[in-house]
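Questions regarding the structure given below will be posed in turn.
For reference, chains read A, B, C, D and E in written order, and residue numbers begin at 1 within each chain.
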Amino acid sequence: MIPLAAIDWHSVFFFLFAALACGCAVAVVAAENVVRMALYLVLSLGATAGLFFLAGAEFVGAMQLMIYVGGTLVLLVFGVMLTAQAPFVSIKTAPGDRVLAGVIGAALLAVLLQSAFSVPEWRKPAAGRDGEPAATPLGMALLGTRVDEASAGAPGGVRSGYLLPFEIVSVHLLVVLVGAAYLARAKRRRTPRAIEVAASMEPPATVAAHAAVGREGSRGGSVLAGGAR
Amino acid sequence: MQPSLSPLVASLLTEPVGVTHYLVVGAILFTAGVACMAVKRNALGVLMGIELVLNGANVNFVAFASPYLQAEGGKSLGLDGQAIALFVILLAAAEAAVALAITLNFYNNHATVDVDRADDLKG
Amino acid sequence: MRGPGFLEQLDEALPGAVVGRNLEAIDPWVEIAPERIADVCGWLNSRSPVRFDSLQCMTVVDWCEPDPKKAAKVSWQPHLELVYHLWSTASRVSLVLKAKVPRWKGDVPGQLPEVPSLCGVWRGADWHEREVYDLSGVWFTGHPNLRRILCPEDWEGYPLRKDYEQPLEYHGIRGR
Amino acid sequence: MAEFLINSVGFPEWLAWTVTAVVAAVLILNVIAGGALVFIWAERKIAARIQDRLGPTRTGGRFGWLQSLADGIKLIAKEDLMPEGADGMLFRLAPYVSFCASFCAFIALPFAFDFVGQRLNVGVFFVVAVLGLEVFGVILAGYASASKWSLFGAMREAAQVVSYEVPLGMCVVVPVMLAGSMDLVTIAEKQAGWVTNWYLFHDPFTFVIFWVYVTCAVASVNRAPFDLAEAESELVAGFHTEYSGLRWSYFFMAEYGSMFLVSALAAVLFMGGWNGPIPVARLVGLSEGTGDTANYFVRLLGMANLLGKATLGVLVMMWVRWTLPRLRIDQVMTTCLKYCTPIAAAMFAGAMLWQLMLPGGVAPGLSRPAGEIREGWLEGPGGRSAAARSSAVAGVLP
Amino acid sequence: MSHVADDPRIIEFDVRTDEMLVNMGPQHPSTHGVLRLVLRTDGEVVSEVEPHIGYLHRCAEKIGENLTARQWIPYTDRMDYLAAMNMNLGWALAVEKLMKYQVSEKARHLRVLIAELGRIASHLVGMGAYGLDLGTFSPFLYAFREREKILDLFEEACGARLTYSYITVGGLTADLPPGWLGRCEAFLDQFEPIIKEYHALLTTNAIFVKRTANIGVMSRDLAIEYGCSGPVLRGSGVDQDMRRDGEAIYTAMYDGYAFEVAVMKDGHYPRDHEYPPVPADAVLGDCWHRFFVRMLEVVQSMDLVRQSIDRYSACKGPLGEPLKLAEKIPAGDAYLETEAPKGQMGFYLVSDGSAIPWRVRARSSSFSNLAVAPELCRGCLIADVPAIVGSLDIVMGEIDR
C-alpha cells in the first residue's frame, strides 16, 4: 500500500488523462459507428488538452479545447450528421484490413516506444517544478517579440518571434475558409419560396379598384333575387 | 493491491512524470491515428485518424516544450514547442475544413462516403 | 346584373345546362345537369357578368327514406342532391346551384355516382369535395386527391347517407 | 484554505490539499446543482409575476421555496424512458457531457480574490472554450434520440453555438486586451475601486461591446429569444424531446449552470467582478493585507458582490425570456454573422486604437524596445511565482 | 450525378441533403388542438405541408339529423368552442331565416352585445395563442386574463363559461341579470387601455414583426379562390364583412350600428382609433396583417358592444321567449352565413316540414382557411409553419365538427 502522502497527484492526474486519451483513441479505431467514433475522438482530444494543462502549456490546452474540440470537431460532427444515412453510419471494415492494420500499427508503436525510452534524461524529470505562465510570452512571440528565458542566451539578446508564421497562418486560414466554402457547394434544385411564388403572381388589384366594383351590389342575397328586392 | 504489482504502480504514482510518459501517450495516439486512417472506409473516419495523428505529434511538442518535465539542467524547447503546437492546431482546423468540404463534395457526387468507392481515376 | 335576367344569360351561354329553377324559395336556386356542373361553374367564375369567384359551401342532401313505411308516403324518388353555394366577392351576391344524381351509379349499390370536380375552377373546392366524398359518397371525376378527409382512410360506408349503418366494431373498438 | 489547514490545524500538506480540492469541487457542484434549484424557483416566480400569476405558493411554506426540490425528487422518481431506436450509450451519456462541460468551466471562475477553483493564467479562454463543449452533449442527445425533432434541435444548436462563439470570443478579448492578461483574477482586480473603473465604462467601445457580449452570451446558452434548440412551438422540445426524469434534469442544470457562468463572466470581465460600484471595503479601511480575518471578510463580501451581479444577469435573461418572441433560425444566424460579428470586430478595433492613441493605454511592443520589455519580464518585482509574473508583465507595460 | 439546371431562380448552392417527412402533430404544442401536419422538409426548409384533419370529428351533422333545431344548439357550441356564442347565433339565425321569424328588438340588440363580446374573447385567444406560436408566453396569459372577465360576464348571463347555448332559436334563453350592463361597461373601460400593451408586446415588437411580416403572403385572389373569410380574408385586403355585406336577416341585426370594416383601404386602416403604424416590412396578406386585423376588430367590437348597451337599455318591453323545443320547421332549405370571429360561419338547413331537420350542414370558416395552409407554407422554414398556421387562427372543433 502506498502512503497517500507519497502520491504525486500530478502523476495521478497524468495517468488519468493519459488513460482517457489513449483508451478513447483506441476506441476510435475499434468503433464501427461513425457518431460514436466522433464522441471518442472528442473525449480523446479533450483528455489531451488536460495533458497539456498538466505539462504547463495552459494556452495550448485552452486552444486545443476551443479550436480543436469546440470548433473542428463540431464541424466534423456536422459532417457526420450531413452524411449519416443508415448505410454509411457504420461501414464495416474487412477483417483482413484489420489484421494488417494491427500488425503495422504494432510495429510502428514498437519503434516509437523504443525511441521514447531511448533517452534516459527524458525519464527522470526534476523534482522541483517551476514553470512560467506561457500565455503572455507566447502572445508576444506571435507578435514578434520574444521575452522568454530561452531567448536570453541567443546572440543579440532578442530572438525573432513568430510574426511571419502567424500572418501566414492567418492568411492560410482565410484561404482555407473560402476554399472550403467553395468546395462544399453543389447544384441543387429547390422549390421557390412562398414569397417568390407570390412575387411571380400577378400583382393584386388595388383595393380601391376593387371597392369600386364592389359597390355594384349593395347587400348580400341571391343573384337571382335581385329583381324582387 | 497485489504485492507483485505494487512496486511498479507505486513507482508510477509517486514519481513525477517525465517526457517519456508523454512520448508514450503521443506514440499511442499516433499509432491509433495511423491505424484509423488505414482501417476506416468512411471518409470522415479517415479524417478523424488524421486528427489523432496530428494530436499525437502535438503531445510530443508540448512535452518537449514543457519546463516541468525536464530533467535537472535539461533544456526544454520552450516557447518554440508550444508555438509549433499552436500552429499544428490551427492548421488541423484548416485541414479539417478542407477535408470536410472534399468529403461533402464527394458525397454530393457519389452519394456515399466510402473512400473505397472513390475509384473514378482507376484505369 | 341581377334577377332572372341573369339566368337567361346563363341559358344563352350554356344551353341545356339549366334543368330546373325555383326563384320563389327562400334561397332561390337553379338546378344544373350534374355532368355540366363544371362547365357552368367555369362560366360563372370567369365569363359571367357577375363573377362568382368563390365556392363557399358544398354539400349533399340524401333524399332517401330507409323506413319503408315512411318511404311509401314521400313524394320524391330516392336521389342525392348536391348543393353548391357560390359567392361573388366583387358583387356581394350569392347563388345556389343544385344538381341531382342517383344514389348509386347505375343503381348498383357500392358504385358511387360521378360528378365532375370543381377543383379546376376553384382550388378551394378540393377539401369540400373530399368531405362530400368522405361523408356522402359522391365520386368527383378529375379531383387530384380524392381521399377521405374526416374519417380514417379505411373507414367503410358514407356516414351522412340516410341508410348508413354504424359498424359494429372498428379496429377492436366497439361501435354500437 | 490549504495554508490555513497546514499552518493552523496542522494537517500534513497532502491532506490539506486533498481536503481543499474536495471542498472546492463539492462547492462548485453545489453552486450548479443548488443554483439551478434556486434559479428554477426564481424563474417560475418571475415568470409568474410577469404574467400576473402567483407561481408556486405552497410547497415549503409561503413562497413555494421547496418547489424545485420537490420537482427534483419527482424527476428522480420518474421513469427513465429511452426511445426504441435510440443509440443507448450515446443517449445515456449526452446529458452528462453537457453537465460536465458546464461544471468544468466553473473551475476557472473566480468568486473573489483567491476564491477560485484553479487560478489559470488563461482563465477567460478556458471558460469560453469549455462552455463551447456543452454543445456536444446537445448534438449527441439530438442524434441519439432517434427523433427528428431532436435532430432538428441539435443541428440548430450546433450551428448557433459554433457561430456565436466567434463574436463571443471577440467580445471577451477586449477586456483581456485592456487588462493585459487572460487571468480572470487579474482582470477583475484591475477594475477595483469605483464604478468608473469598470471596463463597462472604460471607453465607448467597451460599453457597446458589453451589449454585444450580452447578446452573444444569451445566444450561446440558448435562452430566449435564441432558444431555437428547444423551441417548443416548433420542435416540441428540441434536443431533449425524448428525455425524461433525472437525465432531463441534467440538461436543465447544465442550462442554468451556463446561464450563471456567462453572467458571472460578464460581471468579471465588464463589471468589476467582486469589486463593487462603491469600494466599501476600502472606504471603511478593510483592505487586502489588514489581517487574516479581515481579509477573509473582504473576500466574502466580494463573493456576495459577484454572486449578486451574476444573479442579476440571470434575472435579466429570465425577464427577456418571458417578454420576447423567438427569432427564426435564419434570423438568429443573421444576427450573429451580419450584426454581432462586424460590430464586435469594429468595437475591438476601436478599443485597440483607444488604448494606443490615448494616454494610459497599453500597447505592448510598440511603444518600447523589445529588449526593455524582456528585461522587465525577466526581472519583475514580485518574485517568481506565476501570479507575480503576470502582474510583473502588467506592471512593466506602460 | 448530374443535375439539370433549368431556371436560375430556383437553383441554390448547398450541401446535398435528403428530404425528410416530419409529423407535426396531432400531439404537438403549436397545432391548436389535434391538427396533424405532415411536413416534407429539406433541412429547415419546408417543401410541402399536408394537413390531416378529422381527429376531432364528432359527426355533428349526423347528430343534427336526429335532433330538433333547438336541441342542436349545444352541438354548435362545440364547433368553435372559443366563440360558442357566435356559433349559437349562426344556427339560430339560419333556422329563423327558414321560419321567417323575427326576434324582438331587445333580443336583437342583446344578440349584438353578446356576439361582439364573444368576438373579443375569441380574438383574445387567437392573439395570445399566436404569441405562443412565436415563442412568447406572457401575452397568452395577458389575453386569458381579459378573456376570463368576459367569461365571467357570460357565466353570469347564462351559467356556462365555455359552451353557453345562450343565443337560441327565437331569441335568447334568458335576459341579463340586473347590474350586468354596468359590469360590462366597467370591463370595457378597464380593457381599453390594455390593448396598447398588446400592441407593445406583439404588434410593434421588432422580433414579432420580423417573424410575421412578409411571411405567408396570401394574395387577394388566392384568399378568395379558397373561400377564406374573416380576418384571414380581410388581412389580404378584401373588403368583405358579412355584418355589412351578408344577407338581410343578418345585416338587419346590425342596422343602425356604426362600424367600419377592419380592412386596409388605399394603403391604410380605418383611422377611428389610435393604432400603431404598419411596419415597413409588412406586405398586405402576410401574417402580420392577419394578426393586425384581429387586433382592430377587438377595438371595433368594443365600440359595437358600447353601442348595443345603449340600444339594449333603451328598449322597453320583454325580451321575448325563444321558440318551443320541438317547434315544427316549414319545409324548404335555407343557408345563412354569419360573420363569426374566425370567419364566415355558414349553416345550411333542409327541412321536410317536421321538427327534426332533414339535413344539417355547417360550413366552417376554419375549414376553408386551413385549406390554404399548404399553399402558404410551400418553401417556408419550419419555424414559419406555426407562424402561418397560427395566423389563420383555426379551431379544430370547427374544422372537424
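We take it that contacts are C-beta pairs under 8 Å (C-beta built on N, C-alpha and C of every residue); 3 or more make two chains touch, one makes a residue touch a chain.
Quantities reported herein were computed from a predicted structural model and do not represent experimental measurements.
Averaging Cα atoms per chain gives one point for each, and the point farthest from that of chain C is the centre of B.
Set against one another, A-B and A-D show the most C-beta pairs in contact at A-B. Inter-chain spacing, taken between the CA centroids of chain B and chain C, is 74 Å.
Centre to centre, using the average C-alpha position, chain B and chain E are separated by 64 Å.
Averaged C-alpha coordinates give centres for chain C and chain E that are 26 Å from one another. Chain D and chain E have Cα centroids lying 47 Å from one another. Chain contacts: chain E has residues 15-16, 221, 238, 245, 247, 375 touching two or more partner chains. Within chain D, residues 155 each touch two or more of the remaining chains.
In chain B, the positions touching at least two other chains are 104, 107-109.
Of all the residues in chain E, the ones that touch chain D in their complex are 20, 22, 28-30, 43-44, 131-138, 141-142, 145, 201-202, 205, 207-208, 210-211, 381-386. Interface residues of chain D facing chain E in the complex, by the touch rule stated above, are 47, 50-53, 148-149, 152, 155-156, 224-225, 227-228, 231-236, 322-331. Within the complex formed with chain E, the chain C residues making contact are 25-27, 53-57, 59, 61-62, 83, 85, 87, 89, 92, 94, 96, 122-124, 126-127, 131, 135, 148-152, 159-160, 162. Contacts from chain E toward chain C in the complex involve residues 53-54, 57, 59, 61-62, 65, 97-98, 100, 221, 224-228, 238, 240, 245, 247, 332-335, 337, 344, 346, 348, 350, 358-359, 361, 363, 367-368, 371-372, 375, 400-401. Interface of chain B with chain A (complex): residues 1, 6, 9-10, 12-36, 38-42, 44-45, 47-49, 51-52, 55, 58-59, 62-63, 65-72, 74-76, 78-80, 82-83, 85-87, 89-98, 100-105, 107-109, 112-114.
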